[in-house]
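Shared between the two complexes below is chain A, which pairs with chain B and chain C, respectively.
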Partner chain A sequence: MNDSLIALLTALGDDELVIGHRHSEWTGHAPHIEEDVAFSSIAQDEIGHAAAYYGLIAQITNDDLDRLALGRRPDEYRHTILCERPNGDWAYTLARHWLYDSADALRLEALEGTAHNDLAAVVVKLRREERYHMLHAATWMSRIARGPVEGRSRLIDSIATAFPEALGLFESIDLEEEAVKEGWLPVPSDELRARFAAHAAAGLEELGLPAEVVPPSDQSAEFVASSSGDLIEHNGDGTSGNEIQPSGLGGRRGHHSPDFDELWDEMTLTYRENPGATW
Partner chain B sequence: MEVYEVFRRSGHKEPFEHCGAVIAPDPQMALLMAKECFLRRREGEHLWVVRRNDVHSFSDETLLEIAADKSYRFASAYRDVVKKREKARARAEELARA
Partner chain C sequence: MTTTTVTESIWTALCSVMDPEIPAVSVVDMGMVDRVEVADGRARVVILPTFSGCPAIAIIQRDVADAVAQVEGVASVVVDTTYSPPWTTDRITEEGRTKLREFGLAPPTGDAPVLITQIGLPTVANCPFCGSSNTRNDSPFGPTPCRAIYYCENCRNPFEQFKQI
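Let's turn to the complex of A and B:
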C-alpha cells in the first residue's frame, strides 16, 4: 500500500523540483532586478516544496533527499512534460507559471483531504505559499493581458502552447487506482483535470484572454513520436470536439521529451560528480 | 483635511524612517506641521510627507508569513561549511604527504 503513496509523492515532488529548476534559470535574466529576486524566490519555494514531498518519501523508505532529487535516471522522474519545457520568453514562463500554480492550487485543495496525515500537514503549509505564487502569477497576467499588443499576443500564443500540456498535470499517476482506494489521493486525476480545465478557462476569460486554444501541431506531433500509447488512448475516448485535448502526456509514466535530457544533465551534474557527498 | 504619514532622516546615510502622522489640507501645510511636530528638537535633517491614501499594503497580510523552512536563505545555515573546508584541506594535505 506504500507503493501507491510513494508514487503520488514522487509525481508531486518531481513537478515541483523540475518547474523550480526551470524557474531558477531566470536568475540573472528576469525582465528587471526586482522580478529577478521575486521569481528566484518562487523557484526556491518550489524546490523547497519538492524537498517536503521527498522528505515524506524518505520517512517511508529511509532514502536520502539528495539522491531522490538528483540521483535518479531521467525515466525514473514522474513530473509532467509541461514542467520540463524550456523557459522560452517571459510570456511563456508567465503562462506556464499561471497555469501550473492554478492547477497546483486545485490539487493541494483536494490533497488536504488525504488519508496520509503527514502529507495533509505538509499540504496545509504549502498552500499558504502557493496562495502567494498564484497572486504573483495573476498580477503579472492581468497586466500583460491588457497590452500593449506584442506582450498580449505573445501571452496568447504561450497559453495556446501551455494549456493543453498543463492538462498533463492530471494524467493518472502510477498505481492511481490504489492511491484513490487507499485515500492518499482523495480526488481522482480525471476529476481534477476536469475541474482544472473549467477553472483555468474561466480565469482566462476573466482576464480577457481566449481559452479555446489549439496547440501548434508540430509540438504535439513531436511528442507523439516519443510517447507511449497514452496520447492515443486519451484522444480516442470520445470527448467532444470543443474540449481542449491534453498534449505532452507520458511524463507520469517516465516518458519525457528531449527537453528533459538537457535539463537533467545540468541539474544532476554536480551530484553525479560525487554521489553521496554531504553539503 | 487629509492624513499625511511623516518620514524623517537623521543623517545623510540613514534611511527615512516613519515617525508619525499629521492632519493637513495639502502637502505644503503637512510639511510645515510635520516640521513643527517631529523635527523641532533636531531629530533629523530631512522630511517627507506622504498622503496616507497613497500608502499601499496587502489586504491579506497572512501572505507575508513564511510558511516553510527557509533556513537556506540565512548565512547561519552554512556555518558548518568552514569546518568542512578545514576537514577537506586536512585530508588533501594528508593525501599529498602519502
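Let's turn to the complex of A and C:
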C-alpha cells in the first residue's frame, strides 16, 4: 500500500522539481530585475516543495533526498511533459506558469483531504506559499492579455500549445486505483482534470482570451501513442462538448520528450560528476 | 537539576539563536520553536520551517543543536522539523515584530491568507522608516522567499516586508 503513496509523492515532487528547474533558468535572463527575482524565488519555492514531497518518501524508504532529486535515470521521473518544455519566449513562460499553478492549486485543494496525515500537513503549508505564485501569474496574464497586439497574440499561441499539455498533469499516476482506494489521492485524476479544464477555461474567458484552442497537430500526436486510451476518450463533467483533448501524455509513465534529456543532463551534472558531494 | 529547570534553560538558550538571514530576531521571536522536550538529559527541540524552500533551515537546525548542547543538564540533543502545525506569520511575537521594524523590515500585516484562490494584492505594509501607510507593493518577491518589495510614497524609500503566509 506504500507503493501507491510513493507513486503519488513521486509525481508531485517531480512536477515541482522540473518546473522549478525551468523557472530557475530565468535567473539572470528575465526581462527586468523584479522578474529575475520573482522567477528565482518561485523556482526556490518549487524546489523546496519537491524536497518536502521527497522528504515524505524518505520517511518510508530511508532514501536520500539528493538521490531522489538527482540520482535517477530520466525514465524514472514521473513529472508531466508540460513541466519539462523549454521556457521559450516570455509569453510561453507565463502561459505555462498560469496553467501549471492553476492546476496545482486545484490539486492541492483536493489533497488537503488525503488520508496521509503528513502529506496533508505539507499541503496546508504549501498552499499558503503557492498563493503568491498564482498572484504573480494572474497579474502577468491580465497585463499581457490587455496589452499590445504582439504580446497578446503570442500569449494566445502559447495557451494553444500549453493548455492541452497542462491537461496531461492529470494523466493517471502509477497505481492510481490503489492510491484512490487507500485515500492517498482523494479525488481521481480524471475528475481533477475535468475540474481544471472548466476552471482554466473560465479563467481565460475572464481574461478575454480564447479557451477553445486547437493544439498544433504535430505536438498532439507526439505522445498520444504511449498513453492510455481512456484519457483520449474522456469527456468530463463541467466541460463543453468541444473539450480540449490532452496532449503531451506519457510523463506519468516515465515516457519523456527529448526536452527532458537536455534538462536532466544539466540538472544532474554536478551530482553525477561529484558522487557523494555535500554543499 | 529538575527537568523543568532544564527546559526553561533551553528556552533561554533558544532566545539567542538568531535567524541567519535576519540576525535581529531569534527563532523564539519568529515563533519557530514548536516545543522542547527533555527526558533524562536528552533534549528534543521541534522546529517549524518558515518557508518550505528556505535554505536557512539547515543552518537554524545546526545552530539550535549547538546552543542546546551548551545548556547545563543536557547530555544529548535532537532537532526535528515538522509541518504540523504549519508555521504562519501569525506566530511572530510582538517583540519579534518590533525587532523586524528596527532592522528595517516591515512586519507582516493582516491575516495570513488561507486560500490561494483569494487573488488580490498583498495587504498594505507600513514603512519601517517613517511609519507611513502610503506605500505600494512593487513585487511580491524579494531577495529571500519570505520578503516582498515595497516603495514608500511618503519618505521615498524602497523597503522590504516580511510577507504574510
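Everything below uses one rule, namely that the second predicted complex is superposed on the first by the 259 of 279 C-alpha atoms of A that agree within 3 Å, B and C clash if a C-alpha of one lies under 4 Å from a C-alpha of the other, contacts with A are read in each partner's own complex, and residues count from 1 in each chain.
By definition in this document, a residue touches a chain if its C-beta (ideal position, glycine included) is under 8 Å from a C-beta of that chain, and two chains touch if they have at least 3 such contacts.
All values derive from a computational prediction rather than experimental measurement.
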| field | Joint occupancy of chain A by chain B and chain C, clash or fit | value | clash
| request: Tell me which partner A:Ala105 touches in the superposition: chain B (first), chain C (second), both or neither. | output: second
| task | For A:Arg128, decide between first (touching chain B), second (touching chain C), both and neither. | result | both
| query | Should A:Ala138 be classified as contacting the first partner (chain B), the second (chain C), both, or neither? | reply | second
| message | Contact-wise, after the overlay, does A:Val187 reach chain B, chain C, both or neither (first, second, both, neither)? | response | neither
| query | After lining up the shared chain so the two structures overlap, which partner does A:Ala52 touch, if you call chain B first and chain C second: first, second, both or neither? | reply | both
| query | Counting residues of chain A in contact, which comes out ahead: chain B or chain C? | reply | C
| request: Name the contact category of A:Gln44: first (chain B only), second (chain C only), both, or neither. | output: both
| said: Quick check on the superposed pair: does A:Asn117 touch chain B, chain C, both, or neither? Answer first, second, both or neither. | reply: second
| field | chain B/chain C common contact set on chain A | value | 44-45, 48-49, 52, 125-126, 128-129, 131-132, 135
| Tell me, which parts of chain B touch chain A in their complex? | 62-63, 65, 67-70, 72-73, 84
| field | In the complex, chain A residues that touch chain C | value | 34, 37-38, 40-42, 44-49, 51-52, 105, 108-109, 117-118, 121-122, 124-132, 134-136, 138
| Complex interface listing, chain A residues touching chain B | 44-45, 48-49, 52, 125-126, 128-129, 131-132, 135, 278
| In the complex formed with chain A, which residues of chain C make contact? | 49, 51-55, 82-84, 86-88, 112-122, 138-145, 149, 163, 165
